[in-house]
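Down below are the structures I want you to see.
In the two assemblies presented below, subunit A is common to both, partnered first by subunit B and then by subunit C.
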Partner chain A sequence: MISTLRASAGFLLRRLGFYGLAGFVALTLNFLIPRLMPGDPATVMFARFQGELEPEAIDALREAFGLTDAPMWEQYLQYLTALSQGDLGLSVAYFPAPVTEVIGVALLWTVLLAGVAVVLAFGLGSGLGALAAWRRNGLLDQIAPPLLSFLGAFPYFWLAMAAAWIFGFQLGWFPLRHAYDAGLDPGLTWAFVSSVISHAVLPAGTMVLAALGGWLLAMRNTMVGVLGEDFITYAQARGLPSRRVWLHYAVRNAMMPNLTGFGMALGFVLSGALLTEIVFAYPGQGYLLINAVLAQDYPLMQGLFLTITIAVLGANWLVDCMTVVLDPRTRT
Partner chain B sequence: MSGLLANRKARLGLGILAVIAVLAIAGPWFAHDPLAYLGDPLEAPSARHWLGTTGQGQDVLAQTLVGARLTLGVGFVTGLLVLIIGALIGGTAGYLGGRVDDLFTLLINVFLVMPGLPLMVVIAAWLPPGPLTMMGVMVLTGWSWNARVLRSQVLTLRNRDFVAAAVVSGEPAWRVVVVEILPNMASLLASAFIGATIYAIGAQVGLEFLGLGDLSLVTWGTNLYWATNDAALITGSWWTFVPTGLGVALTGFALSLINFGIDEVTNPRLAATRHVAGPPRSTPVMREEP
Partner chain C sequence: MRQRLLGALVLGALALGSCRTKTEAPPGTLVVVKELQASWIRNFNPFSVAGGNRWPTNCGIYEPLLIYNSLSGEFEPWLAASFDWEVPGERLVFALREGVQWSDGEAFTADDVVFTFQLLEDTKALDVHNLAARMDAVSARDDHTVVIELSEPFVPGLAWIGHQTIVPEHIWSEVDDPVIHTNPDPVGTGPFTEVLRFETQVYDIGRNPHYWNPEAAKGIERLRMPALPSNEAANLALIHGEIDWTGTFIPAVDRVFVERDPEHHHYWFPLVGSTIFLYANTAAPPFDDPNLRRAVSMAIDRELIVRIAMHNTTVPAHPTGLTDAHKAWRDPTAAAKGTWVTHDPAAAAELLDAAGWTLDAKGQRRNAAGEPLIAELQVVTGWSDWVRAAQIITADLRALGIDASVKSRDFGAWMEGLNRGTFSLSLGWAQEGPTPYNPYQGLMSAEATKPVGETAPANWHRFGSEEVDVLLRAFEGTTDPELQRAIISRLQHIFVDEAPAIPLFPSPSWGQYNSARFDGFPSADDPYALLSPHKAPESLLVLSSIYAKDAPTSENTP
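And then the complex of A and B:
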């Protein structure tokens, strides 16, 4: 017991170290990208202020954004010190608000929307895939994979547009924009929560629909492999109830590769979520991202890149914690 | 290849892809000028404009056909580049093993967990917009998946006897990789290329939808960008975004069908209809009545 605990802790610490390294690479890239690009980053960044501001004011801005003439390593140290104090610089579009303040609440909306969609798509997709492989060539196995992979071929945001047009514009069942009715005060009241839910149905639903096929096929194909193994035949030969063979022998073993894929797919799904948010003007990271692109707000874009990366790395680590619970092999 | 043509899914995929390719190559010669203002804004589909007009009064059919050319062209070239970079890095890591492998695997894993779109946006925003920027950014963020898959395959083949024999007989490393190992993973390379192309088309359309492409060009991504900017949803003009979306989806679907076909041909278990396992059927104890 103690030794398995120690092994699990070791595994989780190693993974934590890896994510720490990945995070460090991300924030170093974040520092290097503007400085490696052709041209002077400050000139590009403040192009929109040109002619409006005195040269002295531009110099002050340079200073504020850390784009000084100091040697690279000195700028890097300054950048790291600022980051360690939770300072992501100042936003250009919402000047002079700090980037962290602009991102703040938006991150919660994205985590809520994408989190719900990812968990639903993963659960539903894996479940249906496990059923399809079990009843091989049954109705579900014939219809679901081709249909869902066709839907999965549409860009997330296009499905969002189509759903918004059909269910929001034509039928009027769900609201077209934003995360809740503008007249409501955020709080734990039924009116607010139900408004949040009805606003989330279309964006989350289209994301689930787009991602479902991938999970279903991955699960189905792993299941097909597992079902060919001897231990399944043996379990059946022992006369175990069919449900038990399916759930405890086949599904449990087939889950593992899918769960590992879950972590890596997160970044991809999140990218889809960002574009979906734009269609619905959902007040999350994606909505900020397009505003940042339109206003050429480079510090905001980079802040978004960093926060999204850290969120993805954190979620990956949580998935690792789950594998430790579910897969005894990681504990030895 | 003949095995692939015998597969139903692969045949269907190749068929759809061929139709799209013909439309993308030949279509623009017959269509209107996609940028000319030919009618009123947001005209519904009619005999004059089969797929209606955009918010600027441009012909949607012409934009869809012309957009296909650039989008698919960039998609396939990017797919090829992603494959080459992935094969180079993954192949080197798998073949050399040891410290080099450890280092490359770490690099691959770091790029795998980093979310693609925000990274692409951060880089693309600093560069002049256009197809070249798009390709560079997609290659930079997309190579890791293929590198990982190809690395493990090279690693397995590396330990086979025929490769050991080639090494012992004094063949140079590049020859072992190019002549002995790569031909033995042709199907994996093909499906990696197709996967990379699907990724490239999706990423490109997404980035251009965000407004990071060259907006003076006509591509599927910019079509969707203009559709939302011209308030397609609020005016209910579905014809401005449906044709382009169908184009993207059909291309992606056709490519995945080919990939399923490759999968089934190389992994017969997936295609086999023989009884593997399933809900138990009762064992016939008595002979059925004739």
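And then the complex of A and C:
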């Protein structure tokens, strides 16, 4: 028992070390990639005013943004030092707001919207897939996979626009935009929570709908494979209740690939909801990312990529932890 | 089990959603959409020009000394009741309006103005118009008179000095670093100064209890700014009647917007934005030859561009490149010479033949050395009006035997190409300003010209004329209207003679309003100011004249 524990801990620590290394590489790329883009924040900002500013403004902007001609390695060292102190710098596009403040506002809403959507899509999709495989050629198995694959073939933002048009604009069932009603004060009141839920139905719903097919097919196909294994036949031959065979023998084993996928999806929550957020004017991180790239806002891009990196690595480590629980082979 | 849960969820959500109607703002709340953002950052620092501050900062909270009206072409007195060049181009005197108070009740005096300009002198990062280099001294002659001495004559500087928003000395002298100060609770002289609430998705700015013009914005209690991230989202809200005043691009605006409620849905797109030019790189062959630039210009069917790319919201450009904002400056004799700005493919072909670019057997134009005439036209990816215009232009050029193609690039990369002069043809705008001095400086000044490879924020096409520099210097030193007119006329003649850039069409200035709850907006019938909210501080003129139709003080509403 103790040796298994030690083995699990060793496995998780090794993974942690690997993620640490990957994180460092990502941090360096976060620094490099924005700077490889042509132009710099001051000239881009100047150009955005389309002739309303005097050319001299560029010098003032460079001064304000703290842009220097210092060599790249020096800037890199400064970046690492600031980062180690939790200082992400000041955003250029939202100057002079600190990056942490800009991201902080949006992060919560994106995590809420896309997080709920991914968990729902994964749970529903895997559940339906498991059911469909168990009752093979049943009604569910015949209808759900082709229908959901069909829906999943549409780009998710297209579904979002269609839903916004039909249910938001034409029928007026759901609000067209924002995360809650403009007149409400945020707080744990029923009015506010219900407003948040009704505002999330269309954006989260379309994301779930678009992703459901993938989860369902993956789960169903792995299940079909697992159900053909000898140990299932053995379990059934032993006369175990079929519910137990389904859940503990088939589903638990078939879950593994889907779980890895879930980790990836969870990690990409922060970047994945981008277009949905724009369609529904949801105050999340997606619009920030676009704006940061357009404005060549190095600090904001670095900050956003950092949150995405941390989310991807963190989610993968969580999946590793779950794998340790679910798959005994990793413990030896 | 799961399915039942899902069913319950969907039903619950449906029940929640179905009782919902469109969001109506409370009475007296003017809903304005100017900035397209997904979430709001609380920043009311009037000095952060970089788009970091919220729109009301310079259109409601803080006010300038003068406001340039791009429709009348005049400076309207604002915090300054009048101005005078005591020494033309060198000493500018402002007589400040009496009885103005800051929104905290303190009196507004000449010291505040002196403090503001001193702050710019001391802080390079705030001085986007480079006033520090041009101002010698700023002083208060008395409580309501400010004297500004310039180091050398610079009459066009009036626009930058007059438009500088003034901040209160008693507040800003306490600010540690004005560059990164977000000024969350602003104190200004404008009509709307009180931040009533500020949330990620929406914020409200209430009236200034001490505003100097009690007649302004009658019955309007607050400005409400909802966060909308895209043109599409803004247009949907506008069509739905949820926005009272905005300036977005709507394709087919009559059908999409006006026809839904012709009584209340209005737009006005005066042609006072920058002219859009086709820039040909004059620093490199083949477009260093003015005849080639003229030929390209004559090949272009501007009527088609206006119809297809711009939905008939504009007209073909004036031969002098001047927009309606500078209509009064246009010189008919210069315009008459600008025949190369009219569509005439036959004349274009003749010009090309005469310039030595003749058609080969395959219909491709080549010079004596046998090199083909190639033109790559750069536009910004996703700017659909420009992309369509570029497609029309390249089709016109191909019809003449020029190997023309459209190359769309990301904004940053496109900008970099223009700045460094590494392009052959590109669409672009020109400098804007109160007089044609500004666009012509960017279009033709030799001083603004940089060699290819060096960054040039204006004069991308690298056309420089020494004579233009002499004329611009003379313009900077004179307040004599006759002399100013003569100089601008000469500049127009140089423009049509040299064809430094190819004018396509003037940009419309987008503005829409909904008169269901508020009225008094400017329009083509009553063009007292620009409707578009995109030009600070001109929108203060609009804010002062609009009123709520259901105003509680109804006896005052016209």
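One rule holds for everything that comes next: the second predicted complex is superposed on the first by the 276 of 332 C-alpha atoms of A that agree within 3 Å, B and C clash if a C-alpha of one lies under 4 Å from a C-alpha of the other, contacts with A are read in each partner's own complex, and residues count from 1 in each chain.
What we mean here is this: a contact is a pair of C-beta atoms (placed from the backbone, for glycine too) under 8 Å apart; a residue touches a chain by one contact, two chains touch by 3 or more.
Just so we're clear, the structure is a prediction, and the values are computed from it rather than from any experiment.
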I'd like to know which partner A:296 touches here: subunit B for first, subunit C for second, both or neither. both
Under the stated touch criterion, which partner chain does A:278 make contact with: subunit B (first), subunit C (second), both, or neither? both
Would you check which partner chain A:157 touches, where first means subunit B only, second means subunit C only, and both and neither mean what they say? first
Applying the document's definition of touch, where does A:96 land relative to subunit B and subunit C: first, second, both, or neither? second
Report for A:231: first if it touches subunit B alone, second if subunit C alone, otherwise both or neither. neither
Look at A:173 in the shared chain and tell me whether it touches subunit B only, subunit C only, both, or neither; answer first, second, both or neither. second
Mind working out whether A:123 is in touch with subunit B, subunit C, both or neither, as first, second, both or neither? second
Overlap of subunit B and subunit C contacts on subunit A, residues 37-38, 44, 169, 176, 278-279, 294, 296
Sort out for me which residues of subunit A touch subunit C in the complex. 37-39, 43-48, 50-61, 63-65, 90-97, 101-102, 105-106, 109, 123-124, 127-128, 167, 169, 172-183, 186, 194, 197-198, 201, 277-284, 286-288, 291, 294, 296
Residues of subunit A touching subunit B in their complex? 18-19, 21-22, 25-26, 29-30, 33-34, 37-38, 41, 44, 134-137, 149-150, 152-155, 157-158, 161-162, 164-165, 168-170, 176, 221, 224-225, 227-228, 232-233, 236, 242, 250, 263-264, 266-268, 270-271, 274-275, 278-279, 289-290, 293-294, 296, 298, 301-302, 304-305, 308-309, 312-313, 316
How about subunit B: which of its residues touch subunit A in the complex? 106, 109-110, 112-119, 121-123, 125-127, 198, 202, 205-206, 209-212, 224, 227-228, 232-234, 236, 238, 241-242, 245, 248-253, 256, 260, 263, 269-270, 273, 276-280
Quick one: which bits of subunit C touch subunit A in the complex? Just the residue numbers, please. 2, 6, 13-14, 16-18, 20-23, 25, 37-39, 41, 43, 45, 48-52, 124-130, 133, 160, 179-182, 199-202, 224, 226-230, 232-233, 236-237, 240, 274, 411-413, 415-417, 419, 429-432, 438-439, 442, 448, 455, 457-458
